[in-house]
């Protein structure tokens, strides 16, 4: 019986990784949800645009690094983020200009925008690769760990180790900050309220003197910021590889829908639900059980093998939708 | 809406002309040799064959999207499950696999399905306090029983000649039989998905199919006992002769000589023509059946449902039932295409089932071709496949052309190396252009 | 949006990919043109000889003229599809006029887009979808005052005085209110702009008699403070009773014009448009 | 014909229908009125199967029809129109009618492939019937028009026409009058009376226009706050103090401010 | 004559980052031969590329069809086993085109009836598993956890390793797959950590999930000793993990001799990364094809295909990277050569690399060769 070791094993292998992953998903889902709420379509190009924004951030990071800039324990990429956001914003605004705006003016059904976003996905996909290639790129510098396994073991004398990466901390802190800022913006500022009004009723927003052009622009810029931040944090924590950003689309969508599309709180909750369930359901609890002195009889106590981990998010999704057809949080506050 | 009235008129010649252009592309590919075309009938026919299979895929998706507005984003999964059929039906049986645990697996699967049915029955029939505990009890006992039956059987099967087989093996039946079976597999999976997803109050089919597509592919990858998982099944029987056989057949050798075509090329063309014949029969039959249905009260009913579900429901049409029907049929057609594709490839490699390539590309085919129109979907299927294959060689050439004024250097080098990615850009551009200038597709619905 | 529309979605209602909620009909990204001079002795608002239709479609309005003076209530009636709502939209710049002009308070505003007309002092309450359902009553009113930079608390207090029920429900989402209450929110929202003109499209459609009376009472009060009110009504008899001026539109053209009482007295108008 | 017993319908915590009980007699034209938000449309929707009731039962001709889906009720002869017209806008007016009858041979896939002859014969008969209905409703000349292009009132006529394609027993009309020109509304009223007399349809009508209710309906049921407030002939209802208080009101207070 | 040698590799798709180095290897050989002027009486070699996508058999087949139509006589490729099999069966065999794959390692390729048209310069994974097991045991590792990339290569190698290791009395605590290019590997690492073991065998790709799993294992302290097979070995590995993986075992197909060093120099000149997986094998594949043509005295694959084994194996003078011109001369003179190349090519029946492996260990943050097996 060793509660401390069990707890540390749980924190190290389940809680910390899932929290960081959850924060990454939440940021991605937030972008999806914002575009869904205000521009009214699911943006399939989201993952690839995230990759694009991150690619620009990386290039800026390289530039900064070559100038000898350093942030001490923090990665220089944080400093490069604004460049990435600007680049990504320019890119999405240009896309809006040449692709989406046409359909918006035609008042075409949002599904056409979804189709167009598939086209944009293909193009962005190719562009990112032209820009930065297909290789995996690691651009995290600064200190790697806040707590590393070895020093934790030495310090605590426990047999289990605990690791906390700088990027994990940054991810969670950034996610909290960004989410707070977004909420503040949407609920307290005039522009934020205008965005909500536009999402609620486009024509009436117009009749209230709200400039739809501005709302759309603002939405894309915020979405670009969210996408770049999410992509960069993800890239810092794992590594940047264009192909992965297409793959991450799936859990992000699951997260956004579980939470209730259109609802920012939902997106965040959804991100964490998906991440925690993926890790917890496929985690073999044997180690924890061993520490607690529970006899496992050689079994790994794994509910589902990791090969099927993403099936978990979909099963959860279906269950949520069966009982709450609009998602956990009714999708309406954006 | 007023702006649309002009758009409604589209020339009756549009479809024939476009098909003519498409045919011309294939003829050019077969005959002329330049930067754009290879001038080989082998290439041309090879593209055509996969093109026809793509057309069948597009047809299936078109049924769901074009007729009923159902957004299926799991095309890849239904193709994959259809592709399982040739393996299970036509590959030679694996010795000892059934005695090792085949029967037990079958029983386990029946127990698994039975558990699900019993669970849904309990849920529907019971009320009050016992509902949840009873459901849980059924699920847990069923699951335990299933695992108890399933796990050892799978171990035994996978241990049986693991390097070469390790799977159940097929039945050794003619491979053509696997096509309808593939359709059935996909239909069964679709029924399950549709039952759950189409029943959700707001429609969440898109995300459910996206997930189920991934799950099906994951099952194919990981369940080795079924079709060797990622270890792939090769040498799946063909419904047409092998080139090598033809090359050794004196009669054919003589015939090739009389045509004046080199033997290897002739045999290739011959085999591909045979495939093209088989595939075309399927495609044409499907289009005919689909057209017949669409131009009758059934089609009218589907249009009414698509137009206004609530009103159609109030007018006595079982909307969910009909949605389920088209969803299942559409998936069956995709399953058929999946089986055809595996038969054509002679190889079952689950890792090839990538959503970018299968789901999204098939969507591009339908949208570009003209959703709601069977001929349009078929056209889109063949055309996009042609472009997709050709973009592979056109992309680098285009980049070479564009960069030719650039001085040799890192940038040029980099661009040249990335030329392969032009393929994605090209596909995206085609989709965006068609959406912009011919939003209802090349051959719009009437 | 009809289905043969090339930009339509094949009836797809999949909520995981599209959000049908709150979509608009009007192109909000059109830019305004220049403002011209008005004409002497114009009424406060006049849409003169308006001809136009939707998009590239046929003309809906044919040489139609609508005007309203300060402090008055003007009512538009007519059969369904006559173009009443279209005329309102034309006055508000939500569709392009092919001929004719709109002049407000001595200025020619034909080239302005809707946003700029709001800034020029026009307030409009559409026939349907006239609130922000997920925002609170208070936020709805704030949105009405979106273009204002000054302190809006006073105006809000006035609106609450006019519609006391809204004060109780200020923290509630407007979408949770009853039909009549929503109409009050809608009118209140347009008052928040402190408009110099109020336009209402069928404010009483589907509203119970008692609420209708209430709304008419409020409209009279508002008009008598000097704010001109232009409204479309199908509850024609009641509306005619309070109208200073009434227009009967048929197929996009003026068929009859006069004071409310005059038209009520006209037997042909009564029979063909007011339901006997 | 229809009996509703102690019906409750909750949305979240809010009771839209709160213990309503009422009867609709065979052959009557029953009016249903009440303040906005009284739960009239919700009651309709529960009876017509769009919503499932939280509790309570609905009976039709002695049969329990609670919770049946709309399409199932259709087959039992219960039809409804919508507060906002729900035409099939991309189809022609005639097609709108032709799609209504149930059990058409051409609606099963297999027969569309193998029973072309029978389908053709059936289609001919259907087309005749549709034209008959259109002429009855005075919109025969619009048969080939796209339903989406009809005016608001014509759409409401079309809704009514759909109920005539089959032998309905009872038809529920939700605010046919809202936003409809009064003169046209009287034409619709005539059509309703003729259907009631000539074909024996039972009607249940929601409306806020008291002229229309007064001309058409007997009895009239008044709902308020999810419950039945009063019931009786149109005249007696218009005299009922409670109804005046909750619904009808006493006319304008600011009459004096209206210019002469 | 201009001899066309197709480079049929996965330039897009999940292994897109590996392809350029492989192509560069092959191109280096082609260039060397072409520029020597001694190839088939002064013939030159061009290397048109085609994209296999690695996962899409259909796309790969049609791309190969195009290559054949363009007149390629032989191809270096395919890159991944699945797609290679499809191309072989559907294009190469029917058209009589010679194919040498640098990297397709699935055991299934050993049993295909290839009409002698298919060879590979990499060994079948069946052997690598055994070698891995032996090395692990020799290092005193008693129990391992295995994580493999979920494709035929990963699965096949993991299985053969597991079987061999258990046969030698070791325990495999778990063998589970990871998918390449996934968003997150914490679930996988958590599972591996819970199962435990003296070491973790990472049967994956160094610029794919393999690194992801390794990284996460190190970070969480789940494992600190690893066994890396061919897909993981490369400069990338040490660049990434350096001293963190001190003492881990690496193993990849390679043989003693200075062929590899020569190749690395050559690569440095040409400006590509020689330590990338299968880059050396690609050099050898291209060289073998062209040398066989030289030996056959014609670019006709039907003739060349019979010469591959002869050229690749002893007897004869050994040919290293950079010495291709010498090889050409010798062959032209009718002498026999034994091509060694960058990966110590030694082909065994049915036409694949014999499987000599190099054992490395990570010491002071560098790959250090321990022995050859």
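List of remarks:
Each chain carries a letter (A, B, C, D and E) given by its place in the written order, and its residues are counted from 1.
Methods note: contacts are C-beta pairs under 8 Å (C-beta built on N, C-alpha and C of every residue); 3 or more make two chains touch, one makes a residue touch a chain.
Computed from a predicted model, the values in this text were never measured in an experiment.
Minimum number of contact steps separating chain A from chain D: 2. Taking the definition of touch as given, a chain qualifies here only if it contacts chain A and chain C alike; those chains are B.
With respect to chain A, maximal separation of chain centres occurs for D (centres as means of Cα atoms). Among the pairs B-D and A-B, the greater number of C-beta contacts is found at A-B.
Seen from the Cα centre of chain B, the chain whose own Cα centre is farthest off is C. If you average the CA atoms of chain C and of chain D, the two centres end up 29 Å from each other. Spacing of chain D relative to chain E, judged by their CA centroids, is 74 angstrom. The centroid of the Cα atoms in chain B and the matching centroid in chain C are 52 Å apart.
Annotation: 74 Å between the Cα-based centres of chain C and chain E.
Taken residue by residue, chain C touches two or more other chains at 1-7, 9-10, 12, 15-17, whereas all remaining positions touch fewer. Counting only residues that touch two or more partner chains, chain B has 3, 71, 202, 204, 206-208, 221-222, 303, 307-308, 417, 421, 423-424, 439. Within chain E, contacts with two or more other chains are made by residues 12, 14, 16, 150, 177. The list of touching chain pairs reads A-B, A-C, A-E, B-C, B-D, B-E, C-D.
Taken in their complex, chain D has these residues touching chain B: 48, 50, 69-71, 74-75, 79-80, 82, 86-91, 95-96, 98-100, 102, 104-109, 112-113, 116, 119, 122-123, 162, 166.
Taken together, the chain D residues at the contact with chain C in this complex read 33-37, 83, 89-90, 146, 148, 151-154, 175, 178-186, 208-211, 246-254, 257-260. Of all residues in chain E, those touching chain B in their complex are 11-14, 16, 20, 49-51, 53, 55-59, 61-63, 65-66, 68-70, 80-83, 85-86, 89-90, 93-96, 106-108, 111-112, 115, 126, 150-152, 154-156, 159-160, 163, 177. Interface residues of chain C, counted against chain B in their complex, comprise 1-7, 9-17, 53-58. Considering their complex, residues 38-40, 42-43, 46-47, 50, 162-164, 221-222, 224, 229-232, 234-235, 242-244, 264-265, 267-268, 271, 341, 344-347, 349, 351-354, 357, 388-389, 392-393, 396, 417, 420-421, 423-424 of chain B touch chain E.
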